[in-house]
Amino acid sequence: MSGRLIFNLMLLAVAAYFVWAATGYDLQGRRIPIMIGIIVLMLQAWVTFQELLKPVTEPPLLEGAEELPPDEGRRVAVMTAWMVGFFALFTVFGTLIATALFIFLFLVAARALRWWGALGIALGLSAAIWIVFVKALRFELYPGLLFGGTLPAL
Amino acid sequence: MLDPLLVAAGALLQPQNILLIAGGSLMGLIFGLLPGLTSLAAMSILLPFTIGLPPISAMYLFIGIMGSAPFGGAVTSILFNIPGEPTSAASCFDGYPMTRRGEAAKALGLAAAAALFGALFGLVVLIGLIPMVRAIVYAFGPPEFFMLLMFGLATVAIAAPGNTLKGLVTAGLGILLSVIGYDPITGVLRFGFGSANYLWDGINLPAFFVGVFAVGEVIGYYVTGGTIMRAGVKMQGVWRGTIEGFRELFRHVRVTIQGSVVGSIIGILPGVGGTVSNFLSYTLAMQTSKHPETFGKGNPEGLIAAMTATNEDTGALLPTVAFGIPGSAATALLLGALTLHGFNPGPLFITEHMDIVWALILGLLIANVVAITVGLAGANMLAKLTTLDVKFLVPTILAISLLGAYADRENLWDVALAIASGVLAYGLTRFGFPIVTLVIGFVMGRIAERAFSQSLQMELDPLIFFKRPVSLALFAMIVIVFLVPLVRRLMARRRA
Amino acid sequence: MRKLRVACAAFAAMPALVLGLLTGEARAAFPEKDIIWIVPYAAGGGFDAWSRQIGAAMQKYLPKGITVQVRNVTGAGGRTGAIALYRAKPDGYTIGLLDVAGLLPYQKAVSADKAGYDLEKFVWVGRVATEPWVVLASAKSPIKTFADLKARKDLSWGIEGPGSTKWLFSIIEARGMGLPMRFVSGYGGTGEMIPASLRGDFDIWTNAGPAHIPYVKSGELTAIFQLGATRMAAFKDVPTAKELGFDMVGEILRLVAAPPGTPPDVVKTLEGAFLKAMNDPDFKAWVEKSQQEANPGDQKAATEATANFSRLIEKHMSEIGEVLRKQ
C-alpha cells in the first residue's frame, strides 16, 4: 500500500469519525457537521477510488518539488522526530533553552556549521528573543516543567 | 470638523508621539513578519505600557502597529512562502515564485506600493462611508452574513488551484475542523475528544496557521534541500527592482482598484476580516483575468490583488469609529484601550472625540510610509537569506514560528497543535490536496454555521434567507458565480 | 566550666533566634517582589480594564518598587484562568479577578472536581463592583415597559450562548417573572449584541456593565427594568425588579480572590492595599469618567456576595445544570 493510498484512507476515516460523532448531538448541533461530513466522505471516496484505479502521475503541489529525493519518507520522519524533540525540550526546559539547544543540535547534525558557529547562532537567536520579549515587552516565555512551569489544563 | 484635525496633527509633532508611532510601526513590522505573532498580539502586549500615556498617544502607538503589520506579514510570504500574518497568505502564491526567479526586490516593492494604495483607498472609503455606517450595519444581519460567506466560499472553491475535487475535500475538512469547540447555539462542546478546556475555544487559529503554513513549509525545505532562490539565478539589484515594483502597480490599474474595494468592503463587516479578504481578492482577480493559468507562477496581478486587500483594518475602523462597536479583534482592543483611558465609546464617539478619529487616520498613513521605507530596507536585507542553503533556515524559522504559536495564548499545547498541523499540511500538499481551501474552510466554516443557525432562530422561518432583499441579492450572485464558468465552458464547446 | 555551659547554651539558642528572626522578618516583609494579577478574560475587556486600573492604584499603597502585573489567561469562558489561579502557589504573590456569576453555576452542575476549581475554597480579598443586570430593548420596538413584556406570547432573548452569564440571567429573569423565553444565540460579545439589538435580530436582551449606557442615554435603547437592589445612578427612571414585586437581585460579581491556603495575614495586607486603591482619588476619577460604578467591599462583603448569588441560582439549578453538564 503506497503512502498516498494510506493518506487518502486516513482522510476518509477522519470524515467518517466526524459524521459518527455528530450523531450524538441534537438537531441544531449536528446538522451542519453531518451534512458536510457526508459530502466530504462521498468526494473523498471518489478521490480514493480514482487513486486506486490509476496510480498517480500528478505532480505534488510543493513549490520547487520538481524532483523529490528518493528517501523522502525517511526525511519526513526525521524532521517530524526533530520537531517532537523540540516540543519535549520546550516542555521540560522552557522556551529559551529549548530554542538554543534545538538550533545548536540541528545545525551540528546537518553539518551546516562547525560547533562554534552553530553555538553562535543558537545563542544569538535566543538572546534576541530574550531581549525583545522578556526585557523589552515584559512578556513571559514558557519556563519549562523543570523551572516551575505547569501544564495548562486539558 | 477641522479643529480636531489640527489637534491630532499638532499632537503628531510632539516628540513623544513621533517616537510612539515610529515604535509602533516598527513593532507592527516585526510582529507582522514573525509567523504566529500577529499585530493583535503586539497590541495586547503593549496595552499595559500605555496606561500612563495620554489617549491620543496610545492611539498613535496602536495604529502604528495596525498600519505596518500587513506589509511585515507580506515580507515572509514573499521571501519564504510563509505568511507572517493570516492577511498575507495570498501574497505567497505569486510573491514567492518571483523571489525564486531572483525578483525579490521587485516583489517587495510591488507589495509595499500595493499595500499603501489599498490603505489610502480604504481611508477614503472610510471617511466617505461614515454617514452610511448605520445603514450598512443594519442591512447586514445573520442571513446576509451567511449568504456573503457562502459567496466567498463559492468563489474560492471554484478557483482553487489544482484539482477542484480535492479542493472541495480539504475545504470540507477545514469546515469540520472549525466546528470543534463550544457551540454558542446549543451550548455543547462538540468534538472535544474528552478535552474540556483546551479545545473549548476550538482549534486555535494562529497555532493552526503557523502549523499549516510555516511548519508545513519548513518540512518541505528539509525534504527538498537546496536554496530558496533557484540555483543559477542572479538576484536583481535592490534599487532597480524596487522601482520596477512600484512601476508595476500602475500597469494594472483594474486589479489594484478591485482588490482595494474588496478589502474595504469585507473589512467593514464585523467578524470576517482580513483572512478572508485577501483570498477573496486573489481568486476574484484570477477569475476575471484573461490568463488565469499564469496565477500562482509569479504574476504581479496576483500579488497586487493579495496586497491591496489587506486594508481590512481601515474597514474595521468604520463601525468602531462611527458606532463605538468593534469591527475586528484589533479594533476591539483599540476600544478596550480607550476604556482603560477613561472613555466609554458609544454612538456619540465620533462627534465627541473626532480628534482621536483623526489621529487614527493620520497614524495609519504614517505607519504605511514607515512600512514602505524602513520595512523595504529591512526586507531587502532579509532577502539575502534566500541565497542561503535552507539548512540554516529550517531550525531558525521553525523555532521562531513555534514561539509564535505559543505566544498567542501562552498555552503549551498550541505548540503541539502547530507541529501536528504542519505534518498534516505537508501530507496534503504532497498528495495533491490544496491547503488554501483547508484554511478558508476553517476560517469561514464555524462563523458560517453560526450565522445560519442564528438566522433560523430569529424568525423560526427557514425561508428567511429569501425574504430579505440583501440576502436574496447575494444568493442570486452565488448562483451567477456558479453559472458563469459553466456557461463559458458550454459556449467554448459550441464554438469548437 | 560555667563559662562553657553558658557558651553552649548561647550557641544552641542561636539557630532558634536566627530562624525566629528570619520567619518573622519574612512575614513582616510581604510583599517582596511583584504581584501577579490573573485576568481570565481578554485584554481590552471590562475585567481587564478594572484589573489594570486597580493594580496601578494598588502599587501606590504597596512598598516602593513592587508592581502589580496583570496577566491574561484566557479560555473556556473564564475557566482556564480560574483554574490557573486555583492551582497557583498560595503565597500571596498571585491573585486574580473572577466573575463569580460565570463560574459558580458550572461548578455546581459538574462538581468542583470536574470543574477544576472550587469557589468555596478560594480566599476572597475583596469586592470590586456589583453591576446590576438591566433588560434592554431597541427603541424601535413596541416593547417599552414591563407590562408590554408580560402581554407578549413570544419573546426572543439575545444571548451569547447557553452557559454564558447573559443566558443565566435571562433564565433567572424569565423564569422568575413568568415571561416567555426563547433564544437567539451565537453573538461574540456585548460589542456584537448592541448593533444586533438595534438591527432587530431579537426582541430583548439583558446586560450588565457600562457598554449599553451611552445607547440608553442617546435614546436608541430602552431599559425596561433593572435587577439592582436600588436604582442605578445612570437609570433613575427605570424600575427595579423589587419595585415590580419580585424578590430578585442580580448583579455581576467582580471579586478579587487568592488561591486556597493563602495565609490570613498575607491576605490582610492585600485586602488593605486593595481597599485603599478602591478609594484612591485617581482611581475614582477613572471610574466616573468611564461611566462605571464601583462598589468596593472587603473580604466579608465578597464572601457574602458569593453566598447570596448561590442562593439566587439554587431555584434554577435543574434547568441550568442540564445544559452545563453537556459541555
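A few points about this structure:
To keep things simple, chains are lettered A, B and C as they appear, and every chain counts its residues starting from 1.
One rule holds in what follows: a contact is a pair of C-beta atoms (placed from the backbone, for glycine too) under 8 Å apart; a residue touches a chain by one contact, two chains touch by 3 or more.
Predicted model, so just to flag it, every value in this text is computed and none were measured.
As a matter of contact connectivity, taking chain A out of the picture leaves the rest undivided, in one piece.
Of the two chain pairs examined here, A-B and A-C, it is A-B that is joined by more C-beta pairs in contact. The central chain of the assembly on a C-alpha centroid basis is B.
Note: centroid distance chain B to chain C, computed from Cα atoms, is 35 Å. Distance between chain A and chain B, defined via averaged C-alpha coordinates, is recorded as 22 Å.
One inter-chain figure worth recording: chain A and chain C are separated by 39 Å, centre to centre, where each centre is the mean of the chain's CA atoms.
Taken residue by residue, chain A touches two or more other chains at 138, 140, 152-153, whereas all remaining positions touch fewer. Each of the following residues of chain C touches two or more other chains: 76, 79-80, 83, 116. Residues of chain B in contact with two or more other chains: 48, 183, 185-186, 188, 196-198, 410-411, 453. Those residues of chain A whose C-beta lies close enough to touch chain C in the complex are 138, 140, 150, 152-153. Residues 44, 47-48, 51, 137-138, 141-142, 182-189, 196-198, 200-201, 270-271, 319, 323-326, 332-337, 339-340, 342-348, 409-411, 450-451, 453-454, 457-458 of chain B are the ones that touch chain C when the two sit in their complex. By the touch rule above, chain A contacts chain B in their complex via residues 4, 7-8, 11, 14-15, 18, 21-22, 25-26, 28-29, 32-33, 36-37, 39-40, 43-44, 46-47, 56, 58, 60-65, 68-69, 72, 75-76, 78-80, 83-84, 86-87, 90-91, 95, 99, 102-103, 106-107, 110, 112-113, 121, 125, 129, 132-133, 137-142, 149, 151-154.
The part of chain B that touches chain A in the complex is made up of residues 30, 45-46, 48, 81, 96-97, 100, 161-163, 165-166, 168-169, 172-173, 175-176, 179, 183, 185-186, 188, 190-191, 195-198, 215, 218-220, 222-226, 230, 389, 391-392, 394-396, 398-400, 402-403, 406-407, 410-413, 415-416, 419, 422-423, 426-427, 429-434, 445, 449, 452-453. Every residue of chain C that touches chain B in the complex is listed here, in rising order: 42-46, 48-49, 52-53, 56, 70, 72-77, 79-80, 83, 114, 116, 156, 160-164, 167, 182-188, 191-192, 194-196, 198-202, 210-211, 213-215, 217-218, 220, 285-286, 289-292, 323-324, 326-327.
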